[in-house]
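What follows is a set of structures for review.
One chain, chain A, links the two complexes that follow: it is found with chain B in the first and with chain C in the second.
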Partner chain A sequence: MTLIPLAYLVVRTGEAGWTRITEELLTRRVSRLALHTLGLATVVTVGCLLLGVGAAFLVVRTNLPMRRLFAVLAALPLAVPTYIAAFTWVSTVDGFEGFWPAALVLTLCSYPYVFLPVAAALAGSDPAQEEVSRSLGRGGWATFTAVTLRQIRPALTGGGLLVALYVLADFGAVSILRADTFTRAIFIAFDLGFDRTGALVLSLVLVGLTVLILAGETATRRPGRRYASLRGARRSPTRIDLGRWGWPAVGGLTAVALLALGVPAASLARRLAEGVSRPGDWTEVATAAGNSLSLSLAGAALTMLLALPLGLLTARAPGMISTVLERLSYLSHALPGLVIGLSLVFFGINVVYPLYQSTALLALGYAALFLPLATAAVTGAAAQAPPVLEDVARSLGRGPVTVLRTVTLPLTLPGIAAGVALVFLACMKELPATLLLRPTGTDTLATELWTNTSVAAYAAAAPYAALLVGLSSVPTWLLTARTGVLIKENQS
Partner chain B sequence: MSYLELRAVAKRYGPVDALTRVDLTVAPGTLTAVLGPSGCGKTTLLRCVAGFEHIDAGSITVDGRTVAGDSTHLAPHRRKVAIVPQESALFPHLSVRDNVAYGLDRATRRTSRVHEVLTLVGLADHGDRMPHQLSGGQQQRIAVARALAPRPALILLDEPFSSLDAALRADLRDDIRAALRADGATAVLVTHDQGEALSVADQVAVMRAGAIVQAATPADIYHHPTDPWTAAFIGDAILLTGQVHDGTLHTPLGAVPIAPPRPGWSAPTTTEVDVMLRPEQIRVGRADEGVPATVETIAFHGHDALITLRLTDAGTITARVFGTTGLPAAGALVGLRVEGTALTWATRMPVPVPTPPEHDRRRPVGPRRDRAEPGVGH
Partner chain C sequence: MRAPVRTPLLSLACAGLLLLGATACGGESAPTDDAAPASDKKITLYSGRSESLVKPLLEKFTQQSGITVEVRYAGTAAMATQLLEEGEKSPADAFLAQDAGALGAVAKKGLFAPLPADVVAKVPQTYRASSGQWVGVTARSRVLVYNPDLVPAAQLPASVFDLTGPAWKGKVGVAPTNASFQAFVTAVTVQHGEARAKEFLAGLKANAPQVREGNAPIVEEVDAGKLAVGLVNHYYLGEIAHERGTTPEKMKAKLHFFPNGDTGALVNVAGIGVLKKAAQDPDVRTFVDYLLGPEAQTYFAEKTYEYPVVGGVPAPAYAPALDTLKVPAVDLNELDRLEATINLIKESGLVP
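Showing the complex of A and B:
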């Protein structure tokens, strides 16, 4: 079901004919777009890896002052959607547009994708391996590169992949900062010229790039398994004494936090003060918030409906079919929201016209985008109630319905509810698919922000941005809490 | 009357025969240990009795009622067969008291039954704790109490001690054995640890490749194993080849009397035979007395020692020596004598002899301890 849009995309492009496709494809513009997009992805990924690993190491493995505060600060940029960060920068610094500004904003927004998994891996890795390396005569730096980096390699590649896919899919920031990438070009082709074939071909190239990166990650993931830690009792890792480097490190992390969080916060606060002075705005904001709520609710409901059987199947009957299903839904997750939105537009116009520009089609778009998020939540929740608990309950004389009521549901419902909340908030933040698929005349927080930003009405955009950031902090907090970085030192 | 009776039970997963033909009888109020190497079908057998698997042939009777047979398959919750799984599997959202009360009906919950079984397992004051606040051993005790509470016809324990360390395990299994006995429960314990099976069970059923090879009391099964494989699986065994001439058994350790015949075993009439002795039957003496041998290695266990000895022309054997002062040194020449009688079987194609699990060879010598700190590893 989530692959309908993708399949349709391929079919429609095929109908355009090969000559037309090659005509569109082999232009200087496409090669320039490809160069820009890949360049941006590379620069941002490298930047995020350096920033993320550095911050994670300082927070987890050194005696940095105020470590827990910095752990929260390093995770918090996740709560700032890139289009909001871009909007706050562009409204603060004049002429802030193009490749490098986009790279800066995207790096500052996405380095938590590296920081969080790497920090978790560093906190969970076995210090004994490092001690063995030191005892065999390797110095601190040699041990870090030969042992520590390999221990955290799965987290590193996973985080890096996430960043790269995120940059490919990003639409809001690159559009606001006028960086020439595929997503922006696709939207312009579709929005201005209604150039379907052009938009379709460009979408397919973008999908191709995505698949390429995914395949690369799969190829490197298998050897990574060898570095999985051994079983047995673990101690928490020893911390390195930073000595007089402590305060420079604090300064560095503070500077990053100021750029990533301080600029958006200051800009929002200033613009909000201007925006509130205009009367009549608040009814618009309230309407948009209402629309956001109802559309996201529909999206979250449909997504969970599809995710429940898929997640339970993955958790309870691991096998070929469930693995394939899971992988397929991840493929659609890696697809840019813009491409999913666009293919659903064509699908709606040509196949299910009554659904075009309806809430149902938008909900389907959300489902295609966020199904993996929901499936992971369901799978995790199901793992909370392993089958052996049900076996025990049955053997104690309780029938299947009673077992479901007294054991399975109490254990799984919290996880499923958290999944619904996550999907709901992801839907609220989603911009490109919402822009393309929303029912005519229905404005949400995200689209209002977008509309106002594109006409440089920064003050009018501020309330929407503030509300969205506030809402986004909730799942960010959940995510950070889950990595264990925030847990106080163990007493043992 | 027997509480549990399995007749020719068979279970197949696709092309794999998990259980080929299992016959077993368990008397009321007793503990039977089903002992076998990993993958022999022990856990499958347990799941068939509990009702989580449908059997393909045979019948299972619990407390005089056929729960699985030709056209019968009673659902697990109607069988009155409670399980204690390997990883205790306490309900994480329920307190210890609610876990134990889970299988009780409303009326029984108001009685002192919960307190009674908690006392039996020695955790009467832990009712208000949550499972994650308990150590691994305590969790297993609660899992047993939970199974005991509704007074089921049968309790099935699936390697309940295997995840605990050796010192804790010995204490826990003695306590749980006592709790089961005090409550008059009938139980089947599945294990791959022969020391565990021999020390706690009233009856040991040795399982191999989906069938019960032998079921008897621990002493019987140790002294009269049904074949060389079982002999080596139950404890240390010295397996030799010998010849019988005119009713006398000649072995590399000299002439040894053959055990008198008994039900289920009698000496074969062939010339070539397999011979089984236990290491504690070997007496190690001065070099000029008995069969000469060289000491290769000595494994010291505190209360006893296992001496590996090289015979002049028949490989190595082990001898168990108690009273471990004045042990011979490695390389010393000694003389060997055999005490007691030998079991013999007609020589057959050799069955691969199992090696006992590693941990059985290093029993703790220090004082036993129970781990009391809560929430280990959580």
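Showing the complex of A and C:
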């Protein structure tokens, strides 16, 4: 399924012939773009790791004041599409463009990809190991680097990988802030004279970069290592007393929240106040909201349906095939939505014509884009559910299907729900593939937002933006709740 | 639980790949629908023009004709790319595009049917394809938008080529990824040759231009006094005035139309082409006639501040009449020679 975009790329670039491909590839421009793209991905990933781990640690492991509020605030940027964030930043700060501004906006928008899994891992990890480490004479910092970081390592690398690939595929921030990456060059190639070949050759290079990043991440994995504690009795870890550092920490997290959420909110409010254009009428807005919800739900459901076997296979039967399949799904995740959209136009026209411009094909497009989000959630949940339980059920005479239904699925259900929520959010924000694949006449919040801003009707666009962020904050809240940081504690 | 999961997934993937390969190599046999041209009171329109501009007009059309218009909206470039990818199996009956270059690219692929002679005859020769495969619906002029506080009217350049001079260093806003800028560069090539175009772009690049993503931000910045001048289309000032609840006259930013047939005053069109399968569709014909009729032409002049292309319809407020403009002698049909232009723009370093 995720092979469709790859096959499309190969077919279309193959038509162009080698001379054209080498002509496009072997230029200084391509190497410059590669450097910029990798540089941006590195800076943003490092930024997100620092911000995400820092916020997660403060919220989960310290006596930070109002920590549950900050947990929600730290996850909420997930509901803000990069194109809204970038647009609001540009209209707030003069001359806000280029590499570093793009890195800032991307970091602020995507650090929840690190925060959420790390917070969950920190909340769920066994404090006993840390206590042992400290009792053996290690200091706080040494324990953090030697024990804690090691415990949350899968969450760290998983989150970091999602951020890096997100940066590769993002078009909103890089095009508005004019940072030169492959994705921006691909969009420009389409804009400049509908140059499909040029754009698709660049996409192939992007696939190459993705393979590079995936290989790097795979190398940091230790096969067969189980990180989650299998012990039943869970205790909350002890919280570090921040002492006089409490308020500076609050100040820091507030500043991040203001930059990530406050700037877009203030700018949208200003646009709404300044402009006189208004959205058509409220039924139009409601219809767009309904379409956004139902299309995203269809996308999330299909994605999870495809991810479930893949995720369980990866967790329970690790091997060549499962690894290759899982890694393959990441490739299309790093391709821009426009390329995925076009590949499915090609697939729809030539293979499944009756489905062309139907919700089903759009949902398939979402699945191609966001499969890894769902697979990672399933794999993570399955890895934490001890396989021993399945073995016991089998030994007691239950068939494989019954075991799957009565043991594996219930155990992984929270992970599945989190995966669905994550994909749902991504679908709500998606724009380029939605424009290409949606059923004719179907408007969503994202497309309405786009159509209004393209004619400078910013005030008319603002309610759509607000609604998009507002509706997205519901699944975001669910995701935060799942990390366990919102639970009130009886002890400590 | 290994086997039951692995096999179907793999075989599905393989089957998909095979199918793709097969059809991709097999070439397309399009279902040419030459059935009797009966009216089904329904057409499918691909619109590269924005929904908020087009929708009210289409509602009027449906009210009058009883013909339902199913519309897909997307950017003109993306829409053209989608049409090229769909080929002859496209569900579209007609393509309403923002610029002549996109119409030219689709026409070049042989996807448009020639329009009937009496439709073509309504539009002046300057604003349609010589092959009759598309016609302009509205015209728009390239202008220099300026802030009179920063640049007094007396110091405005007589030619767009003056903007590469030292007086304009760091002052000029451009949107090189925008289709209308590309059309302008093509026009320079057509009028003055490739060497001159190359020289102009290099000069512009060396003059520290203020590159922006689109025309609207340029006009906003000029209006706010953050930018002295910018190369844009004339109607953006109207759009932004409209958004602010005022008129173009009351905006700080003013428009300068380059005189004497300078390439900087290129007049481009937004237009429509009809796809082959809809060549005989009477509903599509009714629609094209409506777009070129007085009601639609007046609507565009009033709501989008563009020039009507059909005679007898008043020009938009706050713009000199189209026939008083000294328009450069550029054949819009040549605007589909984009490849060379794009290479020029890419080489200039104005885009990544």
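Convention: the second predicted complex is superposed on the first by the 310 of 492 C-alpha atoms of A that agree within 3 Å, B and C clash if a C-alpha of one lies under 4 Å from a C-alpha of the other, contacts with A are read in each partner's own complex, and residues count from 1 in each chain.
Here is the rule we go by: a contact is a pair of C-beta atoms (placed from the backbone, for glycine too) under 8 Å apart; a residue touches a chain by one contact, two chains touch by 3 or more.
Everything numeric here is computed off the predicted structure, so don't read it as measured data.
Student: Touch test for A:393: chain B only (first), chain C only (second), both, or neither?
Tutor: So A:393 only meets chain B here.
Student: See if chain A has more residues touched by chain B or by chain C, and give me that chain.
Tutor: Of chain B and chain C, more residues of chain A lie in contact with C.
Student: Could you say whether A:454 touches chain B, chain C, both of them, or neither, answering first, second, both or neither?
Tutor: After superposition on chain A, A:454 lies in contact with chain C alone.
Student: For A:190, select first, second, both or neither according to whether it touches chain B, chain C, the two together, or no partner.
Tutor: A:190 sits against chain C, while chain B stays out of touch.
Student: Touching A:407 in the superposition: chain B (first), chain C (second), both, neither?
Tutor: The answer is first: A:407 touches chain B but not chain C.
Student: Under the contact definition given at the top, report the residues of chain A touching chain B in one complex and chain C in the other.
Tutor: Dual-contact residues (chain A): 400, 403.
Student: If we count contacts the way the header does, which residues on chain A are in touch with chain B in the complex?
Tutor: Those in contact with chain B are residues 233, 384, 386, 388-389, 391-400, 403, 406-407, 410-411.
Student: Please give the residue numbers of chain B that touch chain A in the complex, ascending.
Tutor: Contact set of chain B toward chain A: 50-52, 75-83, 85, 87, 89, 91-93, 102-103, 143, 146-147, 150, 152, 156, 377.
Student: Enumerate the contact residues on chain C facing chain A in the complex.
Tutor: Checking each residue of chain C against chain A gives 1-2, 4-6, 9-10, 12-13, 16-17, 19-21, 23-24, 28, 44, 50-53, 70-75, 77-78, 80-82, 84-87, 89-91, 101-102, 105, 177-179, 182, 211, 213, 216-217, 220, 226, 236, 239-240, 242-245, 338-339, 341-342, 345-346, 351-352.
Student: Any idea which chain A residues touch chain C in the complex?
Tutor: Within the complex, chain A touches chain C at residues 1, 3-4, 7-8, 11, 29, 32-33, 36, 90, 94, 175-176, 178, 180, 184-185, 188, 190-196, 274-277, 309-310, 312-313, 316-317, 321-322, 325, 338, 342, 345-347, 349-351, 353, 356-357, 400, 403-404, 432, 435-436, 438, 440-441, 443, 447, 451-452, 454-460.
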